[in-house]
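This report concerns only the one structure given below.
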């Protein structure tokens, strides 16, 4: 099962690096230049800490939380071929996990991140396991329903003691430890950056490992994979769980950054925003998550200057236009550019 | 007992709305194997059009029929300009396009008509002769209109050559071309009809839940549940499913879990059907060839 | 004698795969022409190319003297070509009668009922079994009945040219024999020209006036049926003699 970057499948495999056995010299060179780019990016990101002001740091933190969330959605949609129109629900679960742990259990903020991951892994797996029979359209339907129903579920009066009902929960902003000379915003931004880098590394390793190949096999041909002994149902449910875990971590980060969780922050339209994010960035790509996160963070505020309804009109137009013109998203476009330049260099 | 009966009948009334939207969904699914995620928002947008026409001075029934025609045209145009060019793209790309349509219709409604909740009149005055203790005039009227629409549609598909051609095009596009049917035109017509049905559903539901851009999202969910229960490729099933969901929603909401999480009921229904019996009550089994 | 169908240099490809490499075929008006060849020779592709279905074509196709290449499938159907496709193409979810009625769509559009009932009576006359099953879902009909239905549906359009793709496929010999007899009647009574694709060369050559032999997308042999039947290569490869 080789990754075919020129496949006509819009959600083509665009794995960042395929290390592992049999990596050719070109692939190893690509891997090294890749690592270089990643280090540059991280250095830049760290540099922002000292250049940006409070509110901008908050926005940067939100970009990171979206990036991790989009990573989760990409793992599901791009690599595994399953589509979710309701991933905002897992963002919500992660956010509320963080909120509830901090508010009711007095847990330290940094512990809520792995906790949110575990909770969402379980919830995602449980949702994915029975839903394993649901292919393509039907899964889209089921996740759509999840996305629509979530706010109502969060407002349910039996859960109010935990969730704070309609008013939600207020959270405390974490302070820099060991008396470091950093503001709260700066500290939490660096913390989120750390978490984001870790999540990207995990995602990358997951996808190039054996399980990653299994996931891609399932995406490309479910029946053949099963005939070859890949346990479809477990892998599909597991992928859903992992994807939910990533998105949940993003949700947890956002909850702490915003210092607030409430049901109406997590409507269907959050799920749609996440969908827009991966479409713009490039479905199924690692770095697309970053481009997508930047898009959904900044474009709505720009569009809102035109009209309150404008951000969504823009989203809708973007979704449709991209499917017609740029189905590979920004990353897809960059890769085409890269291939074009490489061809020109070869032909001298 | 009387309260139960009332809930049952109220469930049938809302069930009629769900049945209509479910039918629109199935019509589009049958001919294209796509689910129109934007069906609800299109219906909501149509209802706003009706509202504007009435604000401009048109009497109810004039606005009603004008809206049906306009919605027909709008939906047909959407099929031709946005959906048709996507016909050979991967299914998941098409889903993204549908979500895009959902968002555009939603935001256009907000932009053009505002987000404040508006009243929408019912053509059935509360003191009409057929109002009973069990059901309000509007509830009865809505069921009546729903049934009229459904009967007209079934008659159209069953007894007219055009209806037969549309059924043929939905079942087997290649053979349809061989007998001279312009399949593209049939698709446009199918979409137009779905748009018109959605408009009627919207205009029947708006007097009850008030008109605002968020009006139809929940209804769409119930319509999905209804279409799945009945069988996503069976029009009759969709209608039955819609009524079943309406009744279940009301009964479960009243007697079991409380009305605040009725949408979660729809969610559970959808997932339950998909797991236990994906073909629904009346659908055909789908065999995927390798 | 005029020809109802004439192709010149007909080439066809599926995507980038070329299947036909320049075919010249002529169907004289009122005659039966057989298209023979092994699997993969391009017989079905030829019929599809004539209807502009699923293939990209180059070269000219003339129906009764008028160019039809470049038109859409439904336009070609309306011009008087009745195609009985590979696999019957039955509308399985509709009744037998609805299938037949649809056949008339090409010439009456959405309006006319004129002559549809009379045409149906004639089709039932050729295929009494269809009359018995007229209210049944077409998917429940046997293979032979579905073949008859497919032919009947094509007839309902009052075609000038009938294209038949492997009508004997998967059918019992007795049924095939009766279908071929009916096809002879149709050719003679209705004066419908027929282009017949068949793997069963013997049957095809019995019915046809002239025949073409296709191999890997080219015509390698053509002429009157008796000549083709007596050809040694044909006898060895296709007639098993």
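Note that the chains are named A, B and C in the order they appear, and that numbering of residues resets to 1 at the start of each chain.
Quick note on the criterion: a residue touches a chain if its C-beta (ideal position, glycine included) is under 8 Å from a C-beta of that chain, and two chains touch if they have at least 3 such contacts.
Values in this document were obtained by computation on a predicted structure and should not be read as measured data.
Common neighbours of subunit A and subunit C under the contact definition above: B. Comparing the centres of all chains, each the average of its CA atoms, the largest separation from subunit A belongs to C. Two chain pairs, B-C and A-B, are weighed by contacting C-beta pairs, with A-B ahead. The most centrally placed chain, judged by C-alpha centroids, is B. Between the CA-based centres of subunit A and subunit C the separation comes to 55 Å, rounded to the whole angstrom. Centre-to-centre separation between subunit B and subunit C, using Cα means, comes to 42 Å. With centres taken as mean Cα positions, subunit B sits 33 Å from subunit A.
Here subunit B touches subunit C in the complex through residues 161-162, 164-165, 167-168, 171-172, 174-183, going by the rule given at the top. Taken in their complex, subunit B has these residues touching subunit A: 33-35, 37, 82, 85-86, 89-97, 99-108, 110-111, 115, 217-218, 221, 224-225, 228, 258, 260-264, 266-267, 270-271, 274-275, 278, 288, 290. Taken together, the subunit A residues at the contact with subunit B in this complex read 9-11, 77, 81, 83, 85, 130-131, 133-134, 136-138, 140-142, 144-146, 148-149, 152-153, 155-157, 223-224, 268-269, 272, 275, 279, 307-313, 315-320, 322-324, 327.
Only residues 51, 53-54, 72-74, 77-78, 83, 85, 89-94, 98, 101-103, 105-108, 110-111, 153-154, 157 of subunit C touch subunit B when the two sit together in their complex.
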